[in-house]
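Paired with chain B in one complex and with chain C in the other, chain A is shared by the two complexes that follow.
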Partner chain A sequence: MRFDTVIIGGGLAGLVAGISLQQAGHRTAIVSTGQNALHFFSGSFESMEEAPERLKTLFAGAGIRLHYSAGVRLMPLGVFREAALSLEDVSFLPDPCFADKVLILGIPGYLDFFPSFLAEGLEKQGIVCRTSMLNLPESVRESPAEIRSVTLARMFDRNWERVVQQVRLLLKDEDGVVLPQVFGLEDPSVPERIRQGIPARVVFAGTMPPSVPGIRTQLLLKRRYEVLGGTYLGGDEALEARVEGDSVRSVTTRNLDRHALEADNFILASGGFFSKGLRSNPFRVWEPVFGLDVAYDEDRNAWYNDNFAEEQPYMNYGVRTDEALHPLVEGRPLQNLYAIGSVLGATRPEFGSGGGLAIRTAFSAVDQILEAV
Partner chain B sequence: MDPREFDVIILGGGIVGAGTLRDCAMRGLRALLIERADIATGASGRNHGLLHSGARYAVNDPESAAECIVENRILRRIASHCIDQTDGLFISLPEDDMDYQRTFVDACLKAGIGAEIIDPALARQLEPSVNPELIGAVRVPDASVDPFRLCASNMVDAKLHGAQVRLRTEVTGFIREGDTVRGVHTRSAQTGRTADYYAPVVVNACGVWGQQVAEMAGVTVGMFPSKGALLIFAHRINNMVINRCRKPSNADILVPGDTVCIIGTTSTRIPLENCHRVSVTPDEVTLLVTEGAKLTPSLSETRILRAFAGVRPLVSDDSDPSGRNISRGIVCLDHESRDGLKGFVTITGGKLTTYRLMAEMATDLVCRKLGIDKACETATTPLPGSQGRSYEEVAREIWEAPSTAQKAAAARLGDVVTRMPNPSRQDEALVCECEEVSAWEVNNAFERMGVSTLTDLRRRTRVGMGTCQGELCACRAAGLLAKAQDCAERERADLLKFMGERWKGSYPIGWGDTLREAEYTQWVYKHVLGL
Partner chain C sequence: MKHQEKTVSKHNFEECMKCTVCTVYCPVLQVNPRYPGPKQAGPDGERLRLKDPYFFSYALKYCMNCKRCEVACPSGVKVADLIQAARIKYDKSVPPLRDRLLASTDLMGSVARPVSRIVNGVTGLGVTRSVLDATLRIDHRRVFPKYSGRSFEAWLKRRAKEQAAFPEQVAYFHGCYVNYNNPALGKDLVKVLNALGVGVQLLDKEKCCGIAMITNGMSAQATRNAEHNVASLRKAVSDRGLKVVTTSSSCTMTLRVEYPNLLGVDNADVRDAVLMATRYVFERLEAGATLRFRPDFHKKVAYHVPCHMERLGWGVFSERLLRMIPGVEFTLLDSACCGIAGTYGFKKENYEAAQAVGAPLFEQIRAVDPEVVACDCETCKWQIEMSTGYTVQNPISILAEAIL
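Take a look at the complex of A and B:
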């Protein structure tokens, strides 16, 4: 199978690159194992200094509205973090004191949301807090062991009016309501509808993973990519590359067996250790598809900081690239391959980290591919 | 009666202290236990979880072997809910001497241990994970024991018999009158409040820290701290304990425990001042994996969950201060006859398997000193939770059709579970998916078992001990503790401390899937949850 560009990795970086290239009329394919960091996306980007209009437009095309303004967001454990660019339903606030009195609503048997921590964090801001519980339909309460964010979001996609009714009944004199981020998995309009139905300022606070806004973002971006004609090979895994000279010719995958994916350009957006873009054993760290040069410490004792709270050196490891994001093999760049997102670790600090790194490097690779045509 | 006065004060909340507290309380003494940190924080909670048959000691230390088999049989009866009756194998590999097997079996039989030579083919049938190249196998009555549960059960029963327990309370000095110990000065680690407690006898059951405690009282007990490193694997590979049939050496015991299995151990002498912070080195990890794979080849392919180390409380011989002649048996010291210090007793050495006998010896001595003539009944009286019913029967008494989590709760708590308030639907929400611990069990531990931190909770419920090492459950449990203690700020700090402690056991084995999981955990806690 032949494409203009083959992208390995279906996370934020891979999808942004894929959508951009499809929009420019390229024929692309994305090879994705399925799960990626978007499933744990907090919903906002911490390192976006400038407003990237290009990203906003791209997300808007997928039906995702981004909110840009300097402010804070309420983290699940009750602390505030600075945020610039956030999904619309993320607990983004211009300032921590968003209300005088707040009603925090938990869900019976749902342990992945922390009203006590949130209340303590808000009370520190001088906000008066009251906690209460939403009432769940009997059918869900039957199996409390399975009450997780995605299960709840699926149910609330159909029953969001009941949530609005209940909140209105529970509300006394509060001018703010905090709800868990478990709304709008398949139907992205649900958080906004809930917000409009409640006569108080509604804030959705994060939960333990999986992240409902993150999964929704992934679903919408993937849908957009496919609408634009992209070939999304989900549940597949890139295995091996055929390289001739300084160019990649093709990549084989687990599902396609002998039918290698051929392309003019390749993008490696396979993520860090968690996503298996990097692998490790007691002796080394390697990149499994192309065997790229990886920047890491040879002495394993240097991989870690024994303090959990400190920065961990291994999280900075990533593939080595030249100026143009072409990864190196034994010091020589592969001219038609680009490495983007977390597989770079902290080897290219000028592109930022996390979501910012994914987006900036994706755009950089896309621009280079389009310019060369 | 002055509430600060007791018949006996026991120092140390490990298994020996807990067992002694129970024995004293059952003999009618007003007993108080004082523990600096939490239950089972020293060697009691940092071991294989092996209920020895005694076979391992049969050749070199027949006396210990005989003690082990007697206690092994007793504990199977009185602590059935803490014990998984797995049996064990001693296997011989092609490089091992088969003459040793004969010597070994003879020694076992002499010590009263039912050791039976079986066909290697039968051994493979009984334990499919065993190294298929084995040339010999001996079946022995080894078993797996949950030391935390055992320790907690002893405490609970002691309390039911009227004993008192002060956790997180440090002894800062002894109250002495001339050559007699009258009591102890203490300080609460939580509140800083000081208090004095009085008793005619004080028992030092502080394990390896017993040396410092004895010094504080003015007598000398020479401990020889010996570090043992162990690895926990993410699956329960084996159903029987697998030992190597040779002279005891490094990494030659693999013990199944709940959902995991543990390989160990090494033996390295360390300075006493390092006993608080023992860690596992990369070399020890390599040694444990390499040697362990000889017992069960699949070990080399299995994900390692955690590396940890404990310190054996070995005692140097009185007449041999250089430590060349270290005893591994039980040491019960009457400091009155030994050092001329009245009212002070040290119980140390020994093994987890023989804790009950150690407690009986210490309590006999206490009773003699107090002039009390009452027989020990701990060998025949089951612990709460072990009243002779299976966990399935116990679970069915509360739940019509118990789920796996409900059965797990019944297995962990034994028949005590039937006396607890029935859980609501909401209480059955799972906190820990790896070990199937519900909100109900967490709240119960908080309300009835002296839990104030996540680490305390782990020791009583197994929260955070499973495959994810606390990645998801720690946070859920922290949410419940924050609510129960009404202090989110302290709980947030506790959560960070707990994750830090889990990380200390993960990074020595931080590669492959463990590193993947570590990266995920870092991401979730820092960027998603905002810790």
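Take a look at the complex of A and C:
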């Protein structure tokens, strides 16, 4: 099967690249090995220094509204972090002291949200906190399944008014309310409706994975990509590449077996260790599809830090590229292959971390591909 | 340092890193609060079951085996295989008569076909459905597939000579549905392949692929069918050097994936030769073969990728094929389960859940308002037709209509 560009990886980087190329009239395919880091997305891009109108427009086309301002956002454990570009779920606060008194609402049986940790953090800012619980229907409480963010979001999508009513009843003299980020899985308007219905400043705080705003983002970006005519090969895995000279000719996948995907250009957006874009064993780190050069420490003991909470060096490992993001094999760049997103590792401070790296490198690869035509 | 690379167990269960992504995409978990979900029923439960079979839960029967958890898993864990394998290993209960009847598509077909008019008439009656509901707990709201008076096998056998005259040959695993219910689909396939200069042969003798037996607690019979079918495939593939085409995504997934993974029947030597017809035709066209299309053909088509087609990863072939038909106005429906999952939605206790699972898909179909919904699975076809009123056709049938 022939495409203009084949993208390996269906996460944020792959989808941003795929949507951009489809919009420019290119025919692309995305090969995605299972789901991706968007399922753990906080809702914020922390490192977008300049207002990235391009990303806003791209997301708006998929039905996702981003807002941009300088401020801080509340983290799941009650600390604050600077934020810039975010989904609408995330509240930008001019400063951490966003209310005098705050009501923090947990959900019985839901273990992925921590009201008492949040209270501890907020009290350090001089905010008076009270924690309480929302009520759940019996059917959910009696279920043998662990209660997860997505289960809650599906239920609240249908009756968010009941949440508003409950919060209004529980609210005393507080001028702020903190709720878990479990609203608006299929209907992105739900968080804003809840905000509108409650007579206090409502802030949604992140939960443990899976992330409701992240999954919504994934679903909407994937739908947009397919509406634009893109071919999304979900649950498949790129296995091997056929390389001639300094160019990639085709890639084979597990599901399509002998049926190779041919293209003029290839984008490697296969992610880091979690997504198996990078593999490791006790002796080495490698990139499995193209066998690219990977920057890592030869000394195994230098890979990690004994202190779990410290930054771990292995997180910085990634494929080596030239300045144009062409990855290297034995020091020589593959001219029609671009590496974007976490497969580069966090070794590129100029691109910021996580989402910032994914998006900027995606745009860079897309621009080079479009320029060459 | 001990190197653990080689200690991966069956269905990769210890590769699970508890990321919970599978729980997001399980259609049952969304509607049935009694189901513990793929993570708990699959890798989490396996850990306990390996310690002590006492931890096996009968709630695993709520799994539809749609495989969406496996498609979503970033770590390659065969979540649905773990669940179905646990049911095979630990569930010692005897399946009720209803489940045995529903799963015996082969037997039911051969009994019903000769008296199809009577059977179709009787199963269409409200009173029959009420009786089936009360006695067997087959839901009265469910519409039954109609049986055909002539089997596809008989039709093709009469044309064996004319088919043998084509320069190239393939074998066709038609499955129970084409044989007993919808021979027209088989005839459409013959028309399309003949137009490509390819003649169609039957396998030596095929039996039901066995998918419904696997999910209904009849794994011993499913294994016998699997051994029989692999032997038949071997004769076609190894002895006659043929490719084997299929028109049902669930049969294909069973022949290729379930036989080795769940039933322990080795198909390694024939697996790659078993292809969905849309893939086979697409590859022929890509290699330069041509079809002559009707100049006046026009159809608004919405394509639904069945769950087992998602698992095979081959929806792209049907999609590409439909898109290349001149006059087709194409919409790809969002990836979602229709809720029927073979025999699952026929059971009274699952009816409500099945309809709730399919609701978003039905809603999208109504919004797109196509002339026809395209889909490679017969049970999806029954479910979508019953629930939306829209006609559902196999992509091969649409292609057959569009060519001269």
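Definition applied: the second predicted complex is superposed on the first by the 366 of 373 C-alpha atoms of A that agree within 3 Å, B and C clash if a C-alpha of one lies under 4 Å from a C-alpha of the other, contacts with A are read in each partner's own complex, and residues count from 1 in each chain.
We take it that a contact is a pair of C-beta atoms (placed from the backbone, for glycine too) under 8 Å apart; a residue touches a chain by one contact, two chains touch by 3 or more.
Owing to the predicted nature of the structure, the values given are computational and were not obtained by experimental measurement.
Once the two complexes are laid over each other on the shared chain, residue contacts for A:108 go to chain B alone; chain C is not touched.
In the superposed pair of complexes, A:96 makes contact with neither chain B nor chain C.
When the two complexes are overlaid on their common chain A, residue A:209 makes contact with chain B and with chain C alike. Look at A:274: by the touch rule set out above, it reaches both chain B and chain C.
Residue contacts after overlaying the shared chain place A:147 against chain B, while chain C stays out of touching range. By the touch criterion stated above, A:197 is placed in contact with neither chain B nor chain C. Of the two partner chains, neither chain B nor chain C is touched by A:288.
With both structures placed on the common chain, the touch criterion links A:309 to chain B but leaves chain C unconnected. Residues 40, 142, 144-145, 209, 274, 276, 281-282, 300 of chain A lie in contact with chain B in one complex and with chain C in the other. Against chain A, the residues of chain B that register as touching in their complex are 282, 285-286, 403, 405, 425-431, 438-439, 472, 475-476, 478-480, 482-483, 486, 488-489, 491-492, 495-496, 499-500, 502-504, 507, 510-512, 515-520, 522-524, 527-531. Those residues of chain A lying in contact with chain C across their complex are 1, 29, 33-36, 39-40, 139-140, 142-146, 148, 150-151, 154, 209-210, 215, 223, 226, 231, 233-237, 253-259, 274-276, 281-282, 300.
Those residues of chain C that touch chain A in the shared complex are 1, 3, 5, 17, 19-21, 23-25, 29-30, 33-37, 39-40, 57, 59, 70-76, 272, 279, 283, 286, 310-314, 316, 319-320, 332, 334-335.
The residues of chain A lying in touch with chain B in their complex are 37, 40, 42, 46, 75-79, 81, 108-117, 119-121, 141-142, 144-145, 147, 206, 208-209, 211, 272-274, 276, 279-282, 300-301, 303-304, 306-309, 312, 314-315, 354.
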